[in-house]
Amino acid sequence: MLGSGIINGLIVTAKNFVGSYHDPKRMVTVEYPEQRTVLPENYRNFPFLISENATDPMGTLRCVACQICEKECPPQCIIIEKSKDKKPDASGKPQLYPAVFGIDTSVCMSCQICVEVCPFDAIKMDQVFEIAATDRFHDLFLTREKLAKPNSYYHQIHPTEAAEVDGRLNTERKAAEEKAKAAAAAKAAAAAAKSVPVAGVADPGPASPRPATPIQPASAPAAPATSPVPKPQDEPRSSPAGEGGPANPAS
Amino acid sequence: MTTAPDSFLERAPLELRDWAVQLLPGPLQWLAHHLITVVAILAVFGLFFAFTTIAERKLLARLQNRLGPNRTGLPKFSILPWHLKHTLFGLSQPFADAVKALTKEDIVPAAADHFLHFLAPVIVVAFSLMTFAVLPFGREYLPVDLDAALLYFFAAGAATELAIFMAGWSSRNKYSLLAAMRALAQLISYELPLILSVVPVVLVTGTLSTKAIVLSQGYWIFGFLPHWFVFTPWGFAGFIIFLIAALAESNRSPFDLPEAESELVAGHLTEYSGFKYALFFMAEYFGLTALSGLGVTLFLGGWQAPFPFLEFIPSYLWFMMKLIGMIMFFIWVRGTLLRLRIDQLTRLAWQFLVPLALLNVGNAAFWVLTTHWAGPLQLVRWGVSLVIVILPFFFLGRSLSAGYAPRTYRYAP
Amino acid sequence: METVQQLRDRLAARFPAARVELVLNPGVAAEHSLRLDAALGRDIALFLRDDPALRLDYCSNVTGVDWPDKEITDVVKTTVPDPAGGPPKIVEEKSVHVQPGCLEAVYHLYSMSLKHGPVVIRLRTGNRADAVTLPSLTPVWRSCDFQEREIFDLFGIVFAGHPDLRRLLMWDEFKDHPMRKDYVEPDDYEWEPTAHGAVLERAKAHQLAAVAGVVDPGQSSANPPKAAPGSTTPATTAPVKEAKP
Amino acid sequence: MSCSDFNDLDAELTAFGHPGGSSVRAVHDQFHGDLLEVSMGPQHPSTHGVFRMVATLDGEQIVKLKPVFGYLHRNHEKIAENTTYLGSMPYTDRLDYLCSMSTNWAYALAVEKLSGQAVPDRAQYLRIIMAELTRLVNHACLVGFLFNDLGTSFTPLLYAFREREKIIDLFEALSGSRMMCNYQRFGGCRVDPTPEWLAAARTLVENFPRFLDEYERMLTGNEIMLARTQGIGRLDPAHAVNAGLTGPVLRASGVDYDLRKVDGYGFYPRFDFRVPLGAQGDTYDRYMLRILEMRESVKILVQAFRDLPGGPIMDPKAKLRSFRPKAGEAYGRLEGPKGELGFYLISDGTPNPYRYRVRPPSLINLTLLEEMCLGHTIADAVVILGSIDIVLGEVDR
Amino acid sequence: MSDAPQSTPASPRPAPAEGFPAAGNISDADREELRRHGILLTSLEELYNWGRSNSIWPLQFGLACCAIEMIAAATARFDIARFGAEIFRPSPRQADLMIVSGTVTKKMAPLVVRLWNQMPEPKYCIAMGACAISGGPFKQGYNVLKGIDRLIPVDIYIPGCPPRPEALLNGLIQLQKQIKGEKLTGPDAARHTRADLPSEYPIPAYGAHDLEPAKNPAVWTPPAPPSA
């Protein structure tokens, strides 16, 4: 009969209307500034640089200014200038550090390729998205001071991934230290045996372990290795229960 | 019809007016009397318009599973400290919109017909307000008791469509022009079913006066069934036709062709900004309210209470409640339906509504002729009347929707 | 479906006047293609579409490829017998010649009715400057319509017989063909906070121009572009090279 | 309704869009009286972005309609030729920004064809899961937008987006971004879903038909909807094939050509699903085909979740950096939600592709737009455009 | 309404405190103080700004990917309507806010400026997403305008590619704050009240190689790049 389809439609919308008052499945609004959805652990927005501790972020950046991310960044929004000197890193080796590290968030496309290609786990994706600005030249260009965030923060936003990275780094560092020790011991032994001092090997540390660190993740596919696992409590986001629930128009 | 007329609530606004009028010297009293009526209508329906807009936005939002405006609150300059943290459920939203619209720059396109461009919103609001003059809002609340109230109503209502044409024409925008053409086609097509749907009421009551029409619906069958015309076969058919035609006349979805957003950008409003746009917006809602009010008056018993024991509620509140119900229905329809095409719109009018309305006039004539039938004949009367309504609906509907049907689909082998 | 080799032979037999070359694809995909004679291109295309064994009724993808002029260094080794009777000397003569470039249109054909494909055909222009006309295959496959317009727009191949050959993506007043390899895009590198590589050089040129434009020495050097917007604009637009039409 | 009175109106008018389209111009034609040329877009509510149609109207009837492209031409191909193979992957997200997962796959497919890269089984299944979820997203959005064009007050669109949000949440939990997933890699996928993710996805897929039922109940039988879509924008199969139309638009005309069946790429031959075909090729068929395809996608997804094998998600031989395929060329294509999405790549052995070309289904599906619109009114034209399902990022690239 | 509104799930990171947008530059405490001293700040200015900030009607105008997130911001989950901003007007005559949501190509740029000119004052512009701010990932393209602020003034920049709908809402809240703090008179009066500032901007023409002019120096004044 003419009109039955229209009446069916009216019934469906009426159901949704009534449902919006009692059924959380039909009232999905999250009242943003006051309520927030839980961001999934994997969520990424803009990169940040990891520093080992919060007290001296500039001194403990993991980044060694290898400029791989600068080269691989598809929109070329990273600028790195190597330092002239070296600073000791977490395991005590002298490393270069970025004298200038800048990311133009007004260009960045949040593609995460810099994270994937970084052999040092020095750059990770941040989750802050409330960064609307009124001056794009100053507010949206992130210098290394703005980019540096401590490792504890990384643990806060990507716990699973961070734990994995820390575990890997620790084993690597341990291996490096042992290797360095072994090398030092071997050299000492060799020196003792030959008793001929070799010039320029006064600092045996950096030479051997350094190449080992970058090559390992680059040759293995970085993606599955760093694949983070979403926390179980992220999952309810796909079901309406986690979406803020019923919302009060008066609030 | 026994208790309410003299209750305090029922009389209070009138008493107030009379008290105010008698303060003035004699020669001015007549003027003051009418001025107060006009101001009261403007104030009440101005506020009603404001809350209709927010109701529409909130109801539509609820239909769409969201909340709608809810955090407007009030400006902070007020001396009341309590609402600094309150948002008033967003009910102050229309006032924010009004403030904004009032202060917005008014742009008139260089090539537009400046005079008509200015005149159109004025006319549209003026005429849509004029229709309120003949609506009986309550037992004693009829601004002007005209003998030919219905004719006056339709005459004034039709002028608004002319203003829409003026707006579309004077803007000199192609979308506006197309919208103007559509508005004219729509006006001509739907004025007829609208009026024809009202004729049965006139036929049965024998009057064009809205007051008399409401009064003639004012008793209860068996003491509790309201004798509203919508509860008769011809009245029901008339009411449905009236509803459809009213939707079309007030340019509401699914007949919002002149303003068709997805096709003509904003139709006749495309070149209007600021307060002129707000006036059109206002007029649209005034027109809707007026037509709903007429529908309430003609078919839903006007200000009459549905049951005798509810008569203690003042008549004007009954009118308002019915009015709100009608408007909520219109909002519901808007949230559900899609838009017709212009040829389908006219086809619906001429091939479906007009024949149905004409038959319905015959039906009403039959109803009048058989007023004296009683007992089992009463059943025959109802049966025949129902058949006159349903059969044409069925056949005309079939011919209207011929060729359109859901399909079944095959799959690749 | 027959192999590309067989198809080539059949085409050669059917169109003896046409030159049909097999272009081998050295890659893993090994989708070999046929380079058709541009003059008879449309006839061959019609044949491919209507031949009952092929029925290539669906032209999926049409694209242009730019092959710029290449400098090729030929090394000619000649053995010069040593007049002194010693071992003959090998003399290398280097000669540089320019392999003329061309523009190429590549069509990927499939059959929807027989569900096979692809057959890849290519048409080549004479050069990249003036002999850039190819026959349009839009009359054969309507799907080439927008794609050929796009190639005309971005590569500058003129398709003779196209019903509506206008620029598709760029505006009509635009003169260049930006997908050519030698196209230089307009210079708007005033604000490049992360410039490196090629971008850096252009940005530097900009800064130099901007700094040079500062006439008033009292003007702070913090915002030179603001100081001399008028003088930078011509300087920036001047070095733009035009790609050949 | 002719506009003869507008002959003298050559003053500049404030209409929208292109400067050329801003004046009422009466176009003389010997057969029709005076025609009105309307430039719809690039800013128009129903052109799905910055598409522009220059329509010549006789009354409300369309006698000529020329599409104008390029307002979103952002040089994807040129940029891709100047960056590495991997660097183009995030750009493919932005090609068809409603279906980044399947666009990713199409590009990965072409590069894998070019380089001979193998893909592990689990990744193949994950790709199918993502592609079909994307199809659900795309078709749901399309149907919502289509009803918006038909003049609803956003209600169906918002219902569709309500479902979309759920799928988008899944994508976000997996890949980190709501729309720009950047999920596929050459030789596999980037992130392995957790069991919890899979369980959530399975629940979503199982509940999806309920949404479709409600949606269909609301609109499929609606008389206005039937009248507005049936018999509108008919497309006959021969023309559709010749014009290279693909995807649901082609199948609505009754041509059985679904690359999932024809090419059998990925692991699609392992799945049991049917390809719905339309008969009349009108707007209603195109709409219904989307609904039916969503139901088939649900079937595929259910099977994929059932059969998802374990194992690695990346081929161990796959390289992330310094990826240089052998010189050669390849054309990889798949059945995107909008039609055949192809990537044509020429490698010269360097890290950057020598030629990178996207075969955009949206652009080529517009080839017959004018033919479909002729004789219909301007109100139908927006609906026909809506039923073709274009996304401007892909049309203009 | 069956159960109490779910409390805000603790955000994993130190979220910036983002309460309900407060009024302009006078804190509630100050106002209370003034009120007690009998000074009613019933200024017209505040009413005006309140009305405008709560009734921001955006232009229905999507350019690219970000437009989808803009639509998402209007849908049920995010519901921009709560701020009174769900009325996306397709006609610029009735719009207050232009959300430039997506890549502005050079072919599109003149039309964006034209739309901006067609909007009545007071009008605001949000550049949503990397492309609208700077050309974003596509800035290397020959047909991509490197930021809409080369041609028209932008009030709020929302970075992201694309920004989440919440980020757009956040930008909208910032814009509301900005409007609430605007002055009608004095040296720091709002842009639209000043007669010396233009309301319309020159529309660039299509040239043979580029837009002419490619930028409007009156609007676009970049500082020297930090690396220079």
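List of remarks:
Order of writing sets the chain letters: A, B, C, D and E. Residues in each chain are counted from 1.
Note that a residue touches a chain if its C-beta (ideal position, glycine included) is under 8 Å from a C-beta of that chain, and two chains touch if they have at least 3 such contacts.
Since the model is a prediction, treat every value here as computed from it, not as a measurement.
Listing every chain that touches subunit A and subunit C alike gives D, E. Here the chain-to-chain distance from subunit B to subunit C, counted in touching steps, is 2.
Here the chain at the heart of the shown protein, by mean C-alpha position, is D.
Using CA-based centroids throughout, the chain positioned farthest away from subunit B is C. Looking at D-E alongside B-D, one finds more C-beta pairs in contact between the chains of B-D. Note: centroid distance subunit B to subunit E, computed from Cα atoms, is 38 Å.
Note on chain placement: the centre of subunit C and the centre of subunit D lie 28 Å apart, centres being C-alpha means.
The distance from the centre of subunit A to the centre of subunit B, with each centre set as the mean of the Cα atoms, comes to 59 Å.
If you average the Cα atoms of subunit C and of subunit E, the two centres end up 42 Å apart. In subunit D, the residues that reach two or more other chains under the touch definition are 14, 16, 44-45, 70, 73, 75, 78, 90-91, 94, 154-155, 158-159, 162, 165, 180, 218-226, 396.
Of all residues in subunit A, those that touch two or more other chains are 2-3, 6, 9, 12-13, 16, 21, 27-29, 31, 41, 74, 76, 79, 102, 104, 107, 109-110, 137, 141, 247, 251. Within subunit C, the positions touching two or more other chains are listed as 169-171, 178, 191, 193-195, 199.
All chain pairs that count as touching, in label order, are A-B, A-C, A-D, A-E, B-D, B-E, C-D, C-E, D-E. Of all residues in subunit A, those touching subunit D in their complex are 2-6, 8-9, 11-13, 16, 28, 40-44, 68, 72, 74, 109-113, 116-117, 125, 218, 220-224, 227-230, 232, 234-239.
Considering their complex, residues 60, 63-66, 109-111, 172-175, 177-178, 181-182, 253-254, 256, 260-265, 271, 334-344, 401, 403-407, 409-413 of subunit B touch subunit D.
By the touch rule above, subunit A contacts subunit E in their complex via residues 21-22, 24, 27-39, 41, 45-46, 74-76, 79, 81, 100, 102, 104-110, 127-141, 143, 153, 156-157, 242-248, 251. Interface of subunit E with subunit B (complex): residues 20, 23, 26, 28, 31-32, 35, 40-43, 46-55, 75-76, 79, 81-84, 86, 89-91, 93-94, 96, 118, 120-122, 192, 199. Against subunit E, the residues of subunit B that register as touching in their complex are 57, 61, 64-79, 81, 84-85, 87, 90, 92-93, 95-107, 261, 265-266, 269-274, 277.
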